[in-house]
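Below you'll find the structure I mean.
Letters A, B, C and D mark the chains as written, and numbering starts fresh at 1 in each.
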Amino acid sequence: MKKLINSPETFVKDSLAGMALAHPELIKVHYDPNFVYRADAPVSGKVAVISGGGSGHEPMHGGFVGMGMLTAACPGEVFTSPTPDQMLESAKMVNSGAGVLYIVKNYTGDVMNFEMAAELARAEGIKVQNILIDDDVAVKDSLYTAGRRGVGNTVLAEKIVGAAAEKGYGLDKLADLCRQVNINGRSMGMAITSCTVPAKGSPTFELGEEEIEVGIGIHGEPGIERMGMKPADEITEMMALSIIEDDAYTRTVREWDDAKGEWIEKELVDPPFKAGDKVIAFVNSMAGTPVAELYVVYRKLAEICEKKGLTIVRNLVGPYITSLEMQGMSITLLKVDEEMLGLWDAPVNTPGLRWGV
Amino acid sequence: MITKDQIVAWLRRCADVLAENKKYLTDLDAAIGDADHGINMDRGFTRVVSQLPGVEDKDIGNILKMAGMALISSVGGAGGPLYGTFFMRAGMATAGKYELTNADVAQLLEAALDGVLQRGKAKLGDKTMVDALTPAVEAFKQTLNGNAETDTLTALEAAVAGAKGGMEATIPLVARKGRASYLGERSAGHQDPGATSSYLLLNALLTVVNEA
Amino acid sequence: MKKLINSPETFVKDSLAGMALAHPELIKVHYDPNFVYRADAPVSGKVAVISGGGSGHEPMHGGFVGMGMLTAACPGEVFTSPTPDQMLESAKMVNSGAGVLYIVKNYTGDVMNFEMAAELARAEGIKVQNILIDDDVAVKDSLYTAGRRGVGNTVLAEKIVGAAAEKGYGLDKLADLCRQVNINGRSMGMAITSCTVPAKGSPTFELGEEEIEVGIGIHGEPGIERMGMKPADEITEMMALSIIEDDAYTRTVREWDDAKGEWIEKELVDPPFKAGDKVIAFVNSMAGTPVAELYVVYRKLAEICEKKGLTIVRNLVGPYITSLEMQGMSITLLKVDEEMLGLWDAPVNTPGLRWGV
Amino acid sequence: MITKDQIVAWLRRCADVLAENKKYLTDLDAAIGDADHGINMDRGFTRVVSQLPGVEDKDIGNILKMAGMALISSVGGAGGPLYGTFFMRAGMATAGKYELTNADVAQLLEAALDGVLQRGKAKLGDKTMVDALTPAVEAFKQTLNGNAETDTLTALEAAVAGAKGGMEATIPLVARKGRASYLGERSAGHQDPGATSSYLLLNALLTVVNEA
């Protein structure tokens, strides 16, 4: 295994230390438990937006901490959900009194750890809400699975919800917004090469010289189909259509009901895309695929969206939610209304995403 | 009867067994998950052992709760909250005790399994650790049933045999919970890593009691 | 070969088309000859700053076109210098009358093509100056070679010189500034894996499972030394010291003398770094190395700079001058004065680099 | 004597030969450069051939200048300006002509080589195309020397032999110009791609003249 690390054990901390040194004006890093937080937190009167997940997806989440996006981020070990103490301690550090929104990608581990964290935080008198992101249309039969994975739409949700928190949205309104962003966004990914988890030291899966896998997750989870390499346009079309033509999607999520004081089950439905929708189009590199190739994909994606009557009002092209050094890409489309669009355009100043400042 | 010292020895033994099986569990997880289960469990029990000296003179309940807390704050992933809850509940069920009767052990196991079920909402046959834990707890209780004289070793042997059977029975199953569920039909034909670590943990207890 | 392209022949154009679609407010693309130019060019009264080079280094150069950076960029075929007609036509398109500065990376092909372009542009009455970037300390015995290659410092030069052009610097002053940036910056690169040129279809070089090559160029040119994989800290130290302890470097460059009306030879000397210097530190991914690993490198680099008495006043960490999908990284240190620092901080709005707007 | 039609045939022949040797030249360039020389030259002569119909009825000077322009605007890299200049200068040396005497050919070759030398500033022994072109031009002139009767074929044969010798002589050399120079001593032991393409281009002329 060849990586620019000192050892699998020190990788996450060394990387956090480097990020802290590179961006002292934006972020600070707390160790044991590990979390990244806004240099100016707590921000008086504002709800704190906290996310987290396994490491290996950088810049997500730590690189999205800063003005107009996350208030804190909890990095786990590589590809392993962080632990409740990280989530709790970061909440205590950045809570201004206005409460905390945990943005949680839908993986069993993340969900359970964030639920435990929420219970612990509530026990300490912090108002908390957990909102799931589950946007990966590659997960089929989701009635019989842990449901759709949280992938690319997480980045868009963190930007939009972070901007709303900056604007002063209260916790409930923020949770509503985050749920709206979640149900209106869909993604799909593909891999050209496998990633290698440092502690494992060998590739998670093997692809042949001319093979790709479509539908993979950001942890190298197997996809829908393994197939021969194809021109970028064909791959893009296949993935874009899977997203655009995806039916209404119904599932049950667990959210905290403050009035009842308990977790309740909620049915959420993602409405399908339709002609006339305005979307943010996000073409993401799994890390190893260079931006020049992403633009080849974007070219075709724009053509398909136009053909399908979707208007791309904004776009994001680059490595934002990665999978270690994996080559491959993902596409996310998020239907936006004027409110979301305004929040997307609002200033953001983080190590990984910056505009308007 | 299981003593406090045996509980402490169990936790150390768990750490050894998980260190030995780190690669094995990780490889099982690579096949249908994300290749970290062995690494996570090893990290967790290393933490448990490092915190043992601070609680060794406390009661069994406190020792097991410490183990639960240590797992929760060091394992992460699905394994962390599940095994963390397992040991937290085990600790709550044995609060104040310095030795455990067979009935105490049965309560411990039942409470721990309940915790896992509540936290993870898996059902039997979902291809998770529940598939190893459930038959183990059942076998333990059944062996005791109406027979207060049964020795702990016999009951534990039955429990471990149950866990082993449950673990092996996960092989043909299609996963319905956790990361393996994303594979759908493709998850069949592989043994579940969590069921395997559950078997190893119970077997470690048997070994310790056996050595006494 | 697995890449997200449609064919080696269409790669450059498809990618340009995607970039144009993604950033219509910033840039436009002209085809046959190919160049990227500012959507609002020519910018009245301002000198046009044009660069270019082989494709495969994206976002450089096309991704650096926009307010506060390049006025135009000429992409060649992958790793092949562009041709004089691209450089000439782009100059004609964006020249406001204030003249054109060509920023040229020091490769034989680039130098010759840009010299031909300058001659052609002058014949059409456009004021032109060519300034070389040659910052790669890995090239040894440069008396007997084509000299040091232009690598990471090109990105910093394009930012600083672009900001100065935006501020209204005249052509001569701009050329002086660019020369200053060049002689004060030094770089070194390393590779973990080879890149694959699309038209060739197989890796440019082979590295073993546990081998790296230190001193490589951005086209996969061989480095100084092939060695076993080492911890990131060791690699970083080796490279940082090669840069920081590099002696004064003297070479002759060809520049146009407007008074004499001919090319003249000029001796330039890079002063060595010394304690007390303020530097911009740039840790760059060759594309395939994720940002999390770059931060591991940055951590150690910051430590070494401090030990050597260099103050890092700004930093840039990410994939900015890449080598197709190569895994690896480069380090650039640029000594800056107040003027350069102010220009570095000035607003920039391009697809690849954005702040202050 | 070389006719205009032979010059046109030469350019077409160059395109064929470079297409055939695209991989060969690229592989040579991979060893000590950046693996594009064959690809670049092939692209360039494809452009030349595509533009031939527009100038085929013009004089040799115009045809060669067109080739030079086409190469300059399609090859890029080091090869583009160098071969572009080669053909531009060849065109300037043959302006207005529809056939070339031996002396004309000598002038053409000399002017073309001069252009390459001025543009690239390489010296003999720097391991570049100059190492193939210089002995070729020398041999051509020498063969003619004081002997107006020598037929073009014989002189060209000598030139091509000179180019071949020069090309092969690049193998042990350490490069001092172009991308290969970055390798220092490591560039020794490899044949220079540019010297090889120069030999191929001259050999194409010989083939065409031979066929007549």
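One rule holds for everything that comes next: contacts are C-beta pairs under 8 Å (C-beta built on N, C-alpha and C of every residue); 3 or more make two chains touch, one makes a residue touch a chain.
All figures in this text were calculated on a predicted structure; none of them were measured in a lab.
Steps from chain A to chain D, taking the shortest chain of touch contacts, total 2. One simple way to say how far apart two chains are is to compare their mean CA positions; for chain C and chain D this gives 32 Å.
Between chain B and chain C the centroid-to-centroid distance comes to 57 Å (mean Cα coordinates, whole Å).
For the pair chain B and chain D, the distance between mean C-alpha positions equals 77 Å. Not a single residue in chain D touches at least two other chains. None of the residues of chain C touches two or more other chains. In terms of inter-chain touching, the protein chains here are arranged end to end in an open line. According to the touch criterion at the top of this document, the contacting chain pairs are A-B, A-C, C-D. Taken in their complex, chain A has these residues touching chain B: 33, 54, 76-85, 107-109, 112-113, 115-116, 139-141, 144-146, 149, 197, 199-200, 204, 217, 219-222.
In the complex of the two chains, the chain B residues touching chain A come out as 26, 30, 34-36, 39-40, 43, 72-82, 84, 119-120, 174-179, 181-184, 186.
Chain A meets chain C in the complex at residues 2-7, 11, 14-19, 21-22, 55-56, 58-59, 63, 192-193, 209-212, 229, 231-233, 235, 287-299, 302, 315, 317, 319, 322, 324-325, 327, 329, 351-352, 354-357.
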